[in-house]
Structures are given as C-alpha cells and as structure tokens.
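Chain IDs A, B, C, D and E follow the sequence of writing; residue 1 opens each chain.
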Amino acid sequence: MSEVLMIDSVLLLLVAATAIAVVEVRSLYAAAMLSGIYSLLMALVWVNMHSMDVAFTEAAVGGGISTILLIGTLVHTEREEKKRKTRVNWGALLVTAMTGAALIYGTLDMPRFGDPNAPIHNLRVPEMVNQTVGMTAGAKGKQPPPVGWTPRQNLELPLGHKQAYAMQRAHATNEARLKEAGEGHGGHGGQKADGHGAEHEAGHDDAHAHPAGDFNGHVPNTVTSLLAAYRGYDTMFETAVIFTAGASLILLLRRRRRPGENLPKQQSANLTDQVILRVMCKLFIPFILIFGLYVISHGEIGPGGGFQGGVILATAFILYGLIFGRPELHRVLPERLTDILAVLGVLLYSGVGVFTMLRGGKFLDYAFLNPASPGDGEPLGMTLVEWGVGITVCTVMITIFNQLAEEESK
Amino acid sequence: MIPFNELITDNLPALVVVLPLLGGLLATLVGRFAWLWSTIITGSVFLLTYTLFTAVQAGPGMRYEFGNWPYLWGIEYRIDLLNAFILLVVSGIAFIATIYAKLSVEDEIPADRHNFFYSVWLLAITGLLGITITGDAFNVYVLLEISSLTIYALIAMGKDRDPRALTASLRYLILGSVGASFILLGIGYLLMVTGTLNMADMHAQLMAMPEATQNRTILVAFAFLLVGLSLKMALFPLHTWLPKAYTYAPSAVTAMVAATATKVGVYMAFRFLFTIFGYKFTFVDMPSYHILIICAAVGIIITGLTAIRQTNAKKLLAYSSVGQIGYIVAGFALANPQGVAGSLVHIFNHAAMKGGMFMALGAVAYRVGGTNMKDLRGLGKRMPLTAGCITAGALGLIGFPMTAGFISKWYLVQGALAGGSWLLAFTILFGSLLAVIYSWKMIEAMYFREPEGKTAEATEAPYMLVLPTMALIGLSIYFGINAEFTAGTALKAAAALLPGGVQ
Amino acid sequence: MAWNEIVCAVLLVVGVLISLTGSLGLLRFPDFYSRLHTAGKTDSLAQLCIFVGLALIDQVTVDGVAYPVDPLIRIKLIMVALLLFFTAPTATHAITKAAMLDGVMPWKKGEPPK
Amino acid sequence: MFLAATFALLVGLLMILVRAVKGPTVYDRILAVNAMGTKTVILVTLLGYVSGRTEFLDMAIVYTLISFITTIAILKFIQKGRLD
Amino acid sequence: MSDVLEIYNYWIYIVLMMVGFYGVMAKRNLIKQAIALGLFQTGIFLFYISMAVVDGGTAPIWMADGATKVPNPLAVPAAFDNPLPHVLMLTAIVVGVSILAVALAIIINIRRAFGTIEYDELTKIEREMEAREAREAAQ
C-alpha cells in the first residue's frame, strides 16, 4: 500500500465528514467557514494526488475567493437558516440513494485506482506528456527533453523559416482537410502507445508536422503545456467564463450610475483603527503582489500560472479594500480600469490566436507568432496567454468583490 | 499577413465562434453603440455560417484543428451537414433577435449597463455556436457552461419587470448546473474507459471495445449523459425550470433563448447519442428508444393540457415549447430517416415559429405592458400585424397545412408509422389537437374580444419590433410552402447519422 | 544518519507534539479565550520547529531514490516560517480583539464550559 | 519520518475539525479555520517531502496568505457588518 | 484490504457528490443550495483527479534541475501522473467559482426583491402573486 493511498484514505474521511457538516449545520456563517475548511482539505487531497496546479487553484479559489464571496453574500442576506420541523427530506434522500447506487454500479468496471494500464494513461496522453505530438518522424525532436533541460535549449532551426512556412501553408488548405474528413483513428483500444505507435501516428500525418526545432509545447510543467498549448482553445473559453461571471455580476449587482459618475458616494467601513492589522497589511501587500506576478510568470516551470497568480494578485487588492475601505481601493484601482482590463485580458488571449491566423497559421498556432523561429513562438505564446488569463482573473475577482460588497441602490 | 479572403476561407470554422467572442468582449468598450456593434457581429457571423453551410453542402465536411495540433491530441472542430444546419439556424435567429433586441432592451434594461448586456448576449451566442460546431467532448462542456452562465444572467435581467425572473433564473441555474455536472461526469466516465476526448476518436474506441454494452462504466456514463442532456433540453419530467424562465425573462432574451438554447441541447443529444455512442449502441443495445418515446409522448400530452390552463400567454407558449421538444425528441428516438429528418426540420421550424411568437408577445408587452390573456384582448384591431404574426405562428404550432409546422409533423407521423408506432403517431396528432385548443384561446382573445385597459389605447408596435417578428414568421410560412431546402438538408443529414451513412 | 537528519527528526517530533498539544487544547479547553491561547501560541512554535527542521536536510529519499533539496527551497522554507510568524499572531490578535469588542466574556473557574 | 509526522498532524486536523463543527461561538470557528490554515501549510510542505518533490513549496506560501485574508474578511464582516 | 482501497476513492467521491446532491434537493435555504452545488461539483473533481493517479507516479512536472531520477515517460509510461484530468479540472474549478458567483448575485437580488432566501417562503409569495394574477384575468 503506497503512501498516497494511506494518506488519501484518512484525508478523504475528513473531507466526507466536513461535507456532511457543511450541509447539515444551521448557521450560514458556520457553513461558509466549514466550506473554507473543506476547500483546504480538498487542496490537501489534490497535493497528495500530485495534482499541484489543481491544489494551487483550489487553495486560491475555494479557500480564499469562495469564502469571501459567501461572506459577502451573508452581508446582504440572513445569517441563519430557518428552523424546520422535519430535518430529513426522505424524497430527496431516496433520489440521492438511487443516483449514488447507479454511480457505484458504474465504478465496478473501472480500472482500479492508480492502474498504470488504464486506457487514459496509454492512449493519447503519453505523447502529450512527452510533448512530441505531431513532430516529424525521425527528427531529433522525438527524443525526450534531456536531463537538466531548460526551456530555451534546442532552438536551432533545421529548415529555413520560409520553407517551414510554405510547408505548413500547403497542408493547411481545405483540400487536405476535406480528404482527411471521415478518416477515423480506430483500433488502438487497449494497445499501449509505445514509441513505435507514437512514431507511426506522428509520422503519417504530415499536415501537422511541427518543424523539428519547434518547441512543441515543451515546458517542464506538462499541465501548463496541455493547458496553454494542446488544449489552449479550451483555456481561452475558461477565461471567457470568468469574464462572463464578472459581466453578469456587473449586470445584476452594480448600482445605477448616472452618466459621468464613477462611483456613487457611499458609506464604507475600514479597519484602519486596528494598528497591528494596518501595519501588517501594508507590509504584506507588496509581497503578495510580487508573489502573484511570480506565480503568473512561473507557470511554465512549476505549479502555478495565470489563473492562480491572478487570484493571488486579486487577493492583495481585496485585502487592501478590506483594511482601508472600498473608496480607497477605488482610488487605487478605479472601476473603469478594472472593467477595461478584464476585457483586455481575454482580448490578449484571443488576440494571440487572431494574430497567428493573420500570419497564416491556425488559430492559436504559436509557431506563427514569430515565423523567423517557430520554436520561439511556443514559449512566447504560452507566456502571453498566461498573462492574459492572469489579468482577466485578477480584475474580475476584484470586480466580483466590489459588486458583492456594494450596497443596494436606493 | 495573409490576404483577407484566404483568412476567411482557411479559418472559417474558427471564425464562426471567435468572431462573436471578440465581439462580445469589445461590446463592453463601445459604449452607446453596443447594439449596432452586436448587430454587425451577429450579421457577419450569420454570413460566415452561411458560407460554411454552402461549403459543407458541396463537400463531405470540414475540419479545423486549433493550434495545428493533430486532432487526437488537440481540439478540433468538425462540421458536417447536421451541425452546419444547426449553426445556420442558431446564427440566423441570433441575428434577427439582436435586431429585435434594440427597443425591447431599451425598454427593460437600465441604460447604464446596455454594453454589458450586449456583451453577455454575444457571449451566449458564442457558447451556443461553440457547442454546435465542436468535435471535442470537453470543449462541449466548457462552452455549455459559457452559454448557460450567460443565459442565467440574461434571464435574471427580467428582474426589474417582474422579480420572479430571479427565482426562475436561480432554479434554472441549479438544475442546469446539476445537468451540466452530470454531463461532465458522463464525459469523465467515457474518458476513463476510452482515454480520449475527441468525439470521433471516442466512438472509434468504443467500437473497438468488444464488450462495450456489458461494460458497466459505459452504461452508467450513457445513463448520466442522457439525464444531463434531458435536463439541458428540457425533456418532459426534467423541464420544470423552463416555463418560468421563459415567462419572466426580458422579451428579447425569451425570443433568443427559446429559439436556440433548447435546440442546441437537442443537438448535443444528437452528437452524444449518434456520434459518440453510435446508432447501434444507443438504439439497438440500449432501451433508449422506449425511455425517450415515453418521456416525449407523455410530455406532449401533459404540457399541452397544462398550457391550456395558463392565463399568461408567454407561459402558455413556454409550456407549448416543452411539448414541442417532445416532438423533436420523439423524432430522433425513432431512429429512422423520416423520424430523424422530421426532428431536424422541426428544430428549425419550431425555432422560427416560437421565436417569432415570443417576439410578437414582446411587442405586446412593449405596448401594453403585460402578456396576460387579458392584455391580448382585442389586439386584432389595435395591433393587426403583431396579432397576425401570433396567429400565423399558432397555426404553425397546430401543424396547419402551408405552414412549416405541417412539414415537420408530416415527417414525424411518417416516421412513427414507419417505425410501426401507431400510438406515437396518434399522440402527435392528439398533441396538435391540444395545440388547437390553446392557440384558440389566444386567437379568440385577440379577434373576438373587445380591447380594454391599456390595450384599448395601444397602437401597432414600432417597426424595429414588428419587422424581425414578421421575418421569422415569414420564414416559417415560406418553408411551409417550399420545404425543399429544410427537408432536403434534414433528410441528407439524417441519412448520415443512421447506419449506412457516412460517419 | 547525518547530524542534520537527526536534528531534523528531533525538531519534527517536537514540532508535531507541540502542534498536537495545541489541537488538543483547542478541542478540550473550556472557553474561547483559553482555546485561542493554546491554538495561537502552539501554532507559531510548532511551525517554526517543523520548518527549521525541514530546512536542515539536503536530500529526501523516496523508494530508495535520493532527491536533492534545492537550496532555494530551503530558503523558501525559512521564508514561509517567517511569514507564518507574522500572519498567525496578527490573525490571532484580530480575532481576540473582535471577540473582546463583541463582548465575549472569559470563562471563570466553576462555571460550566462554553 | 515525514509520513509519521503527516499522520500525527492529520489527527490534529481532526480535532480542529470537531471544534469547527461544534462552535459554539463564531469566534471558535474562525479560530478553527485559522488553525486549520496553519496546519495545512505544514501538511502541504510535509507531503512534498513524502513524495520527494520538494519544489512545491510555493503552495504553502499561497495557503499562508489566503487563510490570513479569509480571516480578515470574516472578522471585518463580524465587526462592521459589511465588506466594503 | 487493498481490494477495498482500489475503488475507495471512487466511492468517497460518490459520497461527496451525493451529500452535495442531497443538499441541493433537500435544503430550503438558497445559500445552502449554492454551497451544496459546490460540494456536488467538487465530488466530480475528485473523480477526475483520482482517475489521473498512477501507481508510483509523481507530479507531471519535469524536474528542471539535475535530479538523479528524472522521470522519463517514454521508458516508463507511468512515471508521471496523468496531467490531462488536472487540466480539465482546472477549467472546471474556474467554471464552478463563476457559477457560485452568479448564483450568489442572483440570491442577493432575490433577497432584495422578496425579503427572504427561504425556498418555502419564496414559493408561497409566488403562489400568491400567481393567484392574484389569475383573479385579475378572470375579471
């Protein structure tokens, strides 16, 4: 029995107990705080299962933002649930039990926990982890990154960039695409994608030939390379979801503004009378900001990235708003600015895609960012994209805090 | 830089989704011109989807791989006739609804947030188009959440007119999120057993598995996807979020959402049931036929009966929408060419008819202030064009010859008979009878009652409201008379989905 | 075992024991202020012991493979310890103040525990 | 060694959890959340040592900051009844 | 023992999901429902992340320094945990917090409009409104 499993079994019991407590406790305060604890425990579970980026996000989102959101809601609503005679809703319990039973039935044929032979570990993912997807067969790019590998090695270009460009354009035409349509890659079920299989798949599909010097999503943190390169398109919409949340909150909660008025005059509360708190926060906020920037820019190398870093940056501003009051926060970071920055972040992300399209590549094909050396495009693109995510997330989180804290319009 | 036309032809599938996304983002920055901007964007998106549709009609289909990553590893868009058709419907209706939105939004939404309203509006369209075009299972989930989140917010914007919009929106939010979570769970189960997220690849992996129908994980994945999708498309027992959400949303939102959101839900069901699981798994090995047909048939009858009792015209139409979803689901559950074609045709026809009717009711609300039966009284004299649109739409719901509704009912009944299901054919006809009753309630109020209250002073709605309404209703009549385009496309798309067709 | 590993082990044991004491006190003590007292004080010392202990060792052995610990990590460990040293007491102080202002009364001997 | 320490801390976690559920005053719960935050920081670090990947310490810093800010937010709400 | 533990994770995730699901359906307080919805979603996250674990695997981050054992997935396919579910769940967590934010915004608006966030009371108020409308329509 591995350590992972041992720690896992204890942690998950704690998690389950907390979950039940969250649902059953009557005070909404307590529920909000317990859900914060729940997130912390959950983050421990993720760390234990080596899912560092998820743990990072869960800590920042679940432990921080969600709790602040809940508290911000309690400001405007009640603090206790109404008392009821019947505590147990038998109908709901029955439906729940049936759904649970169905799910348990479904687990019976699953690959066991940690089975290295499960299809998900063998079919498509190995190449993504190796970051050899679509590389020309036989090229030296096929080798895994060397020991002691750092992001900017191996960037010399075997093909002249014009050739590479012409090659990509030739294959990107619709004719090639139409011929391809209808082809399916079947018959690999259960088969281990060893080196040969991978070579075959990568080799036969010339349309995707990434030049051998191409970076091919190579960053030490494979989670980031999947997030920002292979599945970069999903991540763009993830950012759009965040933006949507911000826009929705503005729609639903922002006080009416008369034209030209930036922020209605309002009362506010601050904690500046607490000297220790005030001094400590003044000390901390620069540190948090630097740390947030570090996390955004560090995402390709270690755990972290735009989302996590953005949340950390936002918490610095939220802390400032908590201590010094929201008018002060607005002085530092006007509402208009956060609104615009939230848009600009997503625009930066999608702008990278549009730019590559204008250069003649596919949407978000980072190799076209810098045709002179396609290999450089990958790290550049990923960095830009992460910053886009970071800006949007940071400003939207601040907007959400602002809107939740704002008093009702009279 | 590459020439403009090459940019368009090479990246057509991507642009269909990226353009409204960019438009939605920039809409917050254009200030007072948000409506104009949105109209331009949705108009260009419509042109793009039309180009896409003609390209797909001519050839076998189109694919687009994002970031030039091979589709097995990256995310791809895969367009065949089915989703090109739905894309055309969604973008067309979104365009018309955006034109319509101008006055109704000015009427119902505070002026200081119009730009955010249109931003969210365009993002909702982005989500709906994105679901329809994508070939990646997880991408479906992400875009589903974009479209849902935006639609929750848009519905809640009806709060200034009637606070019940808020409770309706929250109820939709909770049920919708549960549904989306079920879909996410189903995708997870499938990912676990197939190891891939690409829909076509998933299908290939499932086919390669000799004992797929015995694998309990796949069975549960199927069940949860079915439940989640039913929630999203408001199939009968899981439709409870729909009536109130449609009733209390702002008029423009109701028109757009009613015409597109559930339709895209149905499209997702098509994709998951036919493309991922395949005809054989879904309809031969699983009892989906019986489950879906029973839900649909019971839904048609019960919602028809409920609609008759409504006193609010918007709510009446909302219940009728649930019944119409029943027709659509019954059609594809038959899994024969006529049935599936009827289902597809009805997606378009119902979108046009219902969208038009909700727009007409929005015009009524604009002039009269409400959509109760009482407000409709005597409308035939005061607002003849609007009343005419409602009547024409109602005839379509009934399935009157020379309307689009007739065409789809015709195919559906044919499909039911071909499938040997007399009872279903009877139910479809009985549903029409119920539609006659509830439509008559409206028609009677409009033409055979004297106007009273505010209706008495009402005049015809402004052309910015009436013209889009007439456009949609006109479409539904045109395609009732000349169904070559819709029915032809639907038959071709249906043939491709069913066994023997090109996958 | 090298000297640093032994010291680390000792510090870990001490730290964990202190931490456990604190948790036990948080659970068992009769009123808010006494619970605050145990939790606030022990946490700082326990985390200091543990982080300093961890900062001492320069490699970790897992399944017979020795992973070196980056010097940067060891510096960061000290940083985390310092950070906690500032934040934890500040938070405790703020909680106490809030409770005092709110009128939570300390427990006196003989009263039933709250 | 690290594993044993982890388990011991998990026991501590359980005790704190009981206090968080029991209350009785809201301050007890805040205290529990705060203590939980500190314990989590230590546990994250220890888990890194258990798996041999010590470079995940950044997360510990995040936890420190986040639990601090959460505490402040809750306190402000209790004291002032508002967040802005 | 290890037989149980092999699917233990999957069962706990079901427990979490069902606790959340029960909360969504049975709880009558809207904030409680929103929190429970969050729990429900976390259950699914747990399922995905559990799916990613590989025996003896380590975090899917290449070691940038000259560590003695650099995991090489080509040689040993299972040296890394699977990053794909991690990526998917990052997106899902973000979606989850967005949904929570919108839900809470709607709840605040509900409280402002109706003065309550209890489901029962809301239904009662809505029923009364509907009854009033029906009466007016009958005139």
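By our rule, contacts are C-beta pairs under 8 Å (C-beta built on N, C-alpha and C of every residue); 3 or more make two chains touch, one makes a residue touch a chain.
No experiment lies behind these values; they were computed from the predicted model shown.
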Path length in steps (a step moves to a chain that is touched) from chain D to chain E: 1
Between A-D and A-B, more contacting C-beta pairs sit at A-B
Which chain has its C-alpha centroid at the greatest distance from the C-alpha centroid of chain C? B
Among all other chains, pick the one whose mean CA position is farthest from the mean CA position of chain D. B
Inter-chain centre distance, chain B versus chain E - centres from mean C-alpha coordinates, in Å: 27
So, what's the distance in Å between the C-alpha centres of chain E and chain A? 15
Report the inter-centroid distance (CA atoms only) between chain A and chain C in whole Å. 31
Counting only residues that touch at least two other chains, what does the list for chain B look like? 138, 142, 145, 149, 152-153, 156, 159, 185, 191-192
In chain D, residues with contacts to at least two other chains: 13, 30, 32, 50-53, 55-56, 58, 61, 65, 67-68, 72, 79
Got the chain E residues that touch at least 2 other chains? 21, 51, 56, 58-59, 61, 63, 65, 67, 84-85, 91, 95, 98-99, 102, 106-107, 109
Which residues of chain B touch chain E once you look at their complex with the stated criterion? 138, 141-142, 145, 149, 152-153, 156, 159, 163-164, 166-167, 169-170, 173-174, 177-178, 181, 184-185, 188, 191-192, 197, 311-312, 372-374
Residue ranges of chain E touching chain A (in the complex, touch as defined): 1-2, 5-12, 14-23, 25-29, 31-32, 35-36, 38-39, 42, 45-46, 49-67, 70, 72-74, 77-78, 80-87, 89-91, 93-95, 97-102, 104-109, 111-112, 117-118, 120-121
Can you name the residues of chain A that touch chain C in the complex? 274, 276-277, 280, 283-284
Listed in rising order, the residues of chain E that touch chain D in the complex are 58-59, 61, 63
Complex contacts: residues of chain B adjacent to chain A: 1-2, 6-7, 9-11, 14, 18, 21-22, 25-26, 28-29, 55, 59-70, 72-75, 78, 110, 112-113, 116-117, 119-120, 123, 126, 130, 136, 138-139, 142-143, 145-146, 149-150, 152-153, 156-157, 159, 185, 189, 191-196, 200-201, 203-205, 207-209, 215-221, 223-224, 502-503
